[in-house]
Amino acid sequence: MRKIINDPVYGFIILQHPLVLQIVAHPYYQRMRRVHQMALASLVYPGAVHTRLHHSLGAYHLICQALEELKRKGNDITCEEEVASKIAILLHDAGHGPYSHALEGVLMPGIHHEEMSLQIMQALNQEFGGQLQMAIDIFTGDYPKKYLHQLISGQLDVDRLDYLTRDSFFTGVSEGVVGYDRIIAMLTVHNGQLMVEEKAIYSIEKFLVSRRLMYWQVYLHKTVLVAEQMLIKIIQRARLVAPQSGNTLDYFLRQETFDTSSGQLLQKFVSLDDYDVLMAIKLWQQHPDKVLAALCGGIINRKLLKIKFSTEAFDEALIAQKKQAIMVLHNISEQEACYLVFTGVVRNTTYDSSDERINILFKDGTIKDISKVDNALIQNSLAATVLKYYICYPS
Amino acid sequence: MRKIINDPVYGFIILQHPLVLQIVAHPYYQRMRRVHQMALASLVYPGAVHTRLHHSLGAYHLICQALEELKRKGNDITCEEEVASKIAILLHDAGHGPYSHALEGVLMPGIHHEEMSLQIMQALNQEFGGQLQMAIDIFTGDYPKKYLHQLISGQLDVDRLDYLTRDSFFTGVSEGVVGYDRIIAMLTVHNGQLMVEEKAIYSIEKFLVSRRLMYWQVYLHKTVLVAEQMLIKIIQRARLVAPQSGNTLDYFLRQETFDTSSGQLLQKFVSLDDYDVLMAIKLWQQHPDKVLAALCGGIINRKLLKIKFSTEAFDEALIAQKKQAIMVLHNISEQEACYLVFTGVVRNTTYDSSDERINILFKDGTIKDISKVDNALIQNSLAATVLKYYICYPS
Amino acid sequence: MRKIINDPVYGFIILQHPLVLQIVAHPYYQRMRRVHQMALASLVYPGAVHTRLHHSLGAYHLICQALEELKRKGNDITCEEEVASKIAILLHDAGHGPYSHALEGVLMPGIHHEEMSLQIMQALNQEFGGQLQMAIDIFTGDYPKKYLHQLISGQLDVDRLDYLTRDSFFTGVSEGVVGYDRIIAMLTVHNGQLMVEEKAIYSIEKFLVSRRLMYWQVYLHKTVLVAEQMLIKIIQRARLVAPQSGNTLDYFLRQETFDTSSGQLLQKFVSLDDYDVLMAIKLWQQHPDKVLAALCGGIINRKLLKIKFSTEAFDEALIAQKKQAIMVLHNISEQEACYLVFTGVVRNTTYDSSDERINILFKDGTIKDISKVDNALIQNSLAATVLKYYICYPS
Amino acid sequence: MRKIINDPVYGFIILQHPLVLQIVAHPYYQRMRRVHQMALASLVYPGAVHTRLHHSLGAYHLICQALEELKRKGNDITCEEEVASKIAILLHDAGHGPYSHALEGVLMPGIHHEEMSLQIMQALNQEFGGQLQMAIDIFTGDYPKKYLHQLISGQLDVDRLDYLTRDSFFTGVSEGVVGYDRIIAMLTVHNGQLMVEEKAIYSIEKFLVSRRLMYWQVYLHKTVLVAEQMLIKIIQRARLVAPQSGNTLDYFLRQETFDTSSGQLLQKFVSLDDYDVLMAIKLWQQHPDKVLAALCGGIINRKLLKIKFSTEAFDEALIAQKKQAIMVLHNISEQEACYLVFTGVVRNTTYDSSDERINILFKDGTIKDISKVDNALIQNSLAATVLKYYICYPS
């Protein structure tokens, strides 16, 4: 049994193992069709409407290549380990809620998507009679061969290789292109750790620069940012003013605390996706609460708040003045105005060698961090987190 | 004022005229973000999640190129005509309802999407003080320069050039690639009609063959077909059994006849999109009506009916037997079984010269239909409509 | 030992077996760097300067994929057979002389390039102690598993798949794109013969249409044609008037008959390539023979003869008149004028089912020729060879 | 009159002005077909066989786009200036000798290719009755509108944009991809100087990183480097030992000093290209001088010297020992051994702000060098020239 899937990015993606096919066919996996990979980025980049499911298939394709490469280089990887690694990557993002990162920590405060992915894997493990145990161990980092975990969740994992490649492809930002095939061909295992060969230095630098570019130009693009902030405000406002409706989203809006140990949360979670949220937003355009209605209309019709960036925090007086104007104009309270006039900060680090660790293995056996090689492009000065302050307000 | 949009297919798309920018910013245009270009094709081709808005921008890009080309060849096209043509193509598909072609004639029986596009243009014309009148005339074919209409809606219009190119790109079916730039470079006007120069013969043949391939391999792919048929059955069933909910979709389900002359229909229409339908399907998974629930669960979880193709109509006895089996198994009536066991026929014509008319202008001034040129690939035998019968039933 | 080669068409090409690496490193293989894949096509398509070596590596890459596919489908292929097939495809074009097809039969009358490829394989077999015997048997069709030969030299061989893909890529004629990966994924062996599965029908049609388009639009493009005809005339004229120079090309110009059984021919052949011919042409620009000098200057400076196509043979009177004009103008004899005014005919067949045989294997086990399937695009009428007559003369 | 040329990189390149067409048709321009853009890089990257002519057409295409963009932004550029800029870029590399940079300063010591390009422009100016004067002034920087010169020869000129894009395309090193269209869309003129808008910061960084990567990974790839060093040694050795042959290359080998003011040099130069050099190398494989024969055989058969890199200069003792070994082995003198055992150094600077000047124009009117913007990737530490020492010797 074999399934061939057409992918505009890599050509053909081949699914082959019975368990892999069963996982992909499962409703928990299929749900990812209804979660956009890039939340509201399509408001700026109209092509960026690809889904978490598509990204997950792409990462699966890359791990197949990476495992082949590591085996070719003499690493002993059993068939069971291969399948387990593939399942771990297929499900690594299954725990993303609606609009992925944009609503992470907002819809389910305190819960990271990886925790939900683990919940899903455990539920499937039960359903499939323990067949996912090794995948879970690899995912959590408990499996002895650490490099299998690093392939899935490390500095050079197939997750990042795929999302940079795929997001760059669908946005049409060609400069984000990453030499994923070259990097994979240079992967190696040394002392049980995933490393890259010396020859890959320039490709790794390029990878980090592409990531930097994609963050500032795409993921944190100011229009994308304001739209996603409006999405957050909508959820926050809806918690206060939206009437009880009994639907799935409602459950998440009413819940005070989220406890992953209860089966109920998972059961609700797997039926929640972008459609629930966007449909609610469509309806709330007519909501009597002016603030909620305004924000929802803004998202649906792409009439976004104005946004300005600054390298320093905005002056309190300026914020107060913007709020005041809006309070008068729309006859709303200051507390209400906070949903329409607000500030925040975004941050990105190009490469922090104390946190990340991309190790280069030299021919003579020495190991150096990518920021420590001769004439490194990626230097200490890039380890600092760059902050950008922003203010949003109605135009 | 100029807006540059990144498109993975063509690179940059440039919007420049104030009216063009206003149209694109309008909620009626932005609504197309929520209508998938290829309905449920993404169930087979996961990349095919692009939207009507994206296609419309692409067709706009191509008409800009085509108009430049025709001007370069000495055709006198005024600035006003240019803008009007661009607006006509931007809005040509604005009248598509949820899931475009898949539900055309189902959700609003008797109403073609072009009629709704016209309604939208007229509403906008009123809103913009008559500025869209020429665009409307070009769209309806009433404008004297017929070739402008043919660019928008003809045998070689920019609509087809874009959707074949774009659908081929997002599905990853590279064979569907069309030499849109070569065809555009060979466009010419003769006797007021749009034609192509002799040199383009092979590109036109290639265009028709790509279209043929895309139809059978993608648009009418059996898995896509069964999913879209299930979608139709869902709507049909919901009309009978879904309780009144008062939401927008409900309006369309309750309506007996559709009258475009009433303003109300348009008003409802512009707030309806894929999200309303998919969200309803998600909810109906728990509907007490077994048939509706089964169909909806099938779409959401990608557990589709089985489908078989045949060159001949299926035997009535076979159909009856399949129905009988399902009636017994699920304890449902024959009338109910018809939603789960059904037959149909799809058809496609490679090129019918009596209907289509792709005219080749030879250097000596003679004009020939593409199917009449020497050693034509596209021959009379391809003018026949090919029928494929299908049967769908639970596996 | 492994060598990774960057290919703009397929990404990475991996060479892995010691014998494969030795063959590729051999001067007989490296010589293909100096033979252009598309002769003088770069005079029209400036990107088309790729070499026979590059094509050969590409075809090698595709046979690696095809062999994997056939093994996955349960065909028993030994490691030895794999290596032999790969070597056979690497060397299948090694016997091409300067400017490949353009001078085939002209520089060495009566000798086909495949005969020379075989000579080269036999010489290498001797050098490598018989290790190429199986490759030779597969190449000549003497090896029992016929499908291995068909992969290398059949209707759907990797040779054609690569050259159409590669030539389309380097010329920039995107319509020539072939779904090589889809076709390879659909290859199968039935009754010991190479076939394609039913699902590939549209891809095969597309492949034949691309070939048709590439022939008429690229390989037989009128400017390419006239340039290559001038090249032929140059060789023919040089045989008569070029003084003995003692260099390698000279050997071929002086030779009356070519005998492949003598070792000397091979020895001379392997040191002959495009550079010898083009360098001679550069020098002959100053040759006292006016005809030779004119033709050579034309090629070097891209001042080509005029060429006209017709569906019928050109009138003798017209030819005579053109010749007469040139005789007077340049004060040359009629026999000399024949090098500057001449006619010819080119021919191409889209698909001749009596000659070619692309077999489709249906799920029910039946086998049909691609031209015999239901609603075939490729029909009998396309089996006829299309002739185009041409006349060339100074402008 | 219009000529459309297919380019695999940009699609269609359109030549339109009569003078442009005449220049392109001229033998001096056509000669660039016979000069490889990337010298011997194809020994490592088999696709990198594109020519100077192709690069020149590509740079022409980009300048057309850049001029359009600058005009759209309100810069007043006359039609005459446009044509002159286009001709300047078409001819900017016409003065490259055989194997371009690899033999620059070797075949014609002391003469830079730009000097020869100027000679060629002047000769054409004479031939075309002064029509190229403005193109010459733009090329030399004497034309008042400095930004036109900067488009052709500056830090962000279309020359670099094209060669990075094109070389990356033909080598298949996808990480070299440059966002040329985005950079061009962000070009602007301020105080008469070419600058880029603030939004382009990340694209410019990406451009500099791509250049860095292309230098170390492609242009200075160790195998490419050793091959090009061997080419240099061949020319140097041939000057001493090659017998007088009277051909064009010979003229350059015999010449003591090169004087561009004499017409003779130009006349010889325009008939010299890669073919003369490679053909000589083929013949010299049989040369009685062992050293010359060995080097020539090495290039032709791709049996290259071994090369090692080091961050420090190689020890004299090591070099002496390698030479000694070769002197004994081949019975040659020390002076002869210097052609087979030699050292050198290559250097590259990522970005030196004291030398280069990529100015970013901020919205508030301030101007900053790309290395001085906030959180710059390109920092002072990258201004240092990186040296790599190498040693070459027979394996």
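The letters A, B, C and D name the chains in turn, as written, and every chain counts its residues from 1.
One rule holds in what follows: a contact is a pair of C-beta atoms (placed from the backbone, for glycine too) under 8 Å apart; a residue touches a chain by one contact, two chains touch by 3 or more.
Please read all numbers here as calculations on a predicted model, not as lab measurements.
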Averaging each chain's C-alpha atoms to get its centre, pick out the one most distant from chain C.
-> A
Of A-C and C-D, the pair with more C-beta contacts is C-D
Between chain A and chain D, tell me the centre distance in angstrom, where each centre is the average of that chain's C-alpha atoms.
-> 42
Distance from the mean Cα position of chain C to that of chain A, given in whole angstrom | 49
Would you mind pulling out the distance in Å between where the CA atoms of chain C average out and where those of chain D do?
-> 32
Multi-chain contacts in chain D, i.e. residues touching at least two other chains, fall at 11, 173, 182
As the complex stands, chain D meets chain B at residues 2, 4, 11-12, 72, 181-182, 185
For chain D, which residues count as touching chain C in their complex?
-> 5-9, 11, 25, 27, 30, 33-34, 42-43, 45-47, 49-51, 53-54, 57, 169-173, 247, 271, 275-276, 278-279, 282-283, 300-302
Note which residues of chain C are touching chain B in the complex, please.
-> 173-175, 177-179, 182, 202-203, 205-206, 209-210, 212-213, 216-217, 311, 350, 374-375, 377, 379, 381-382, 384, 386
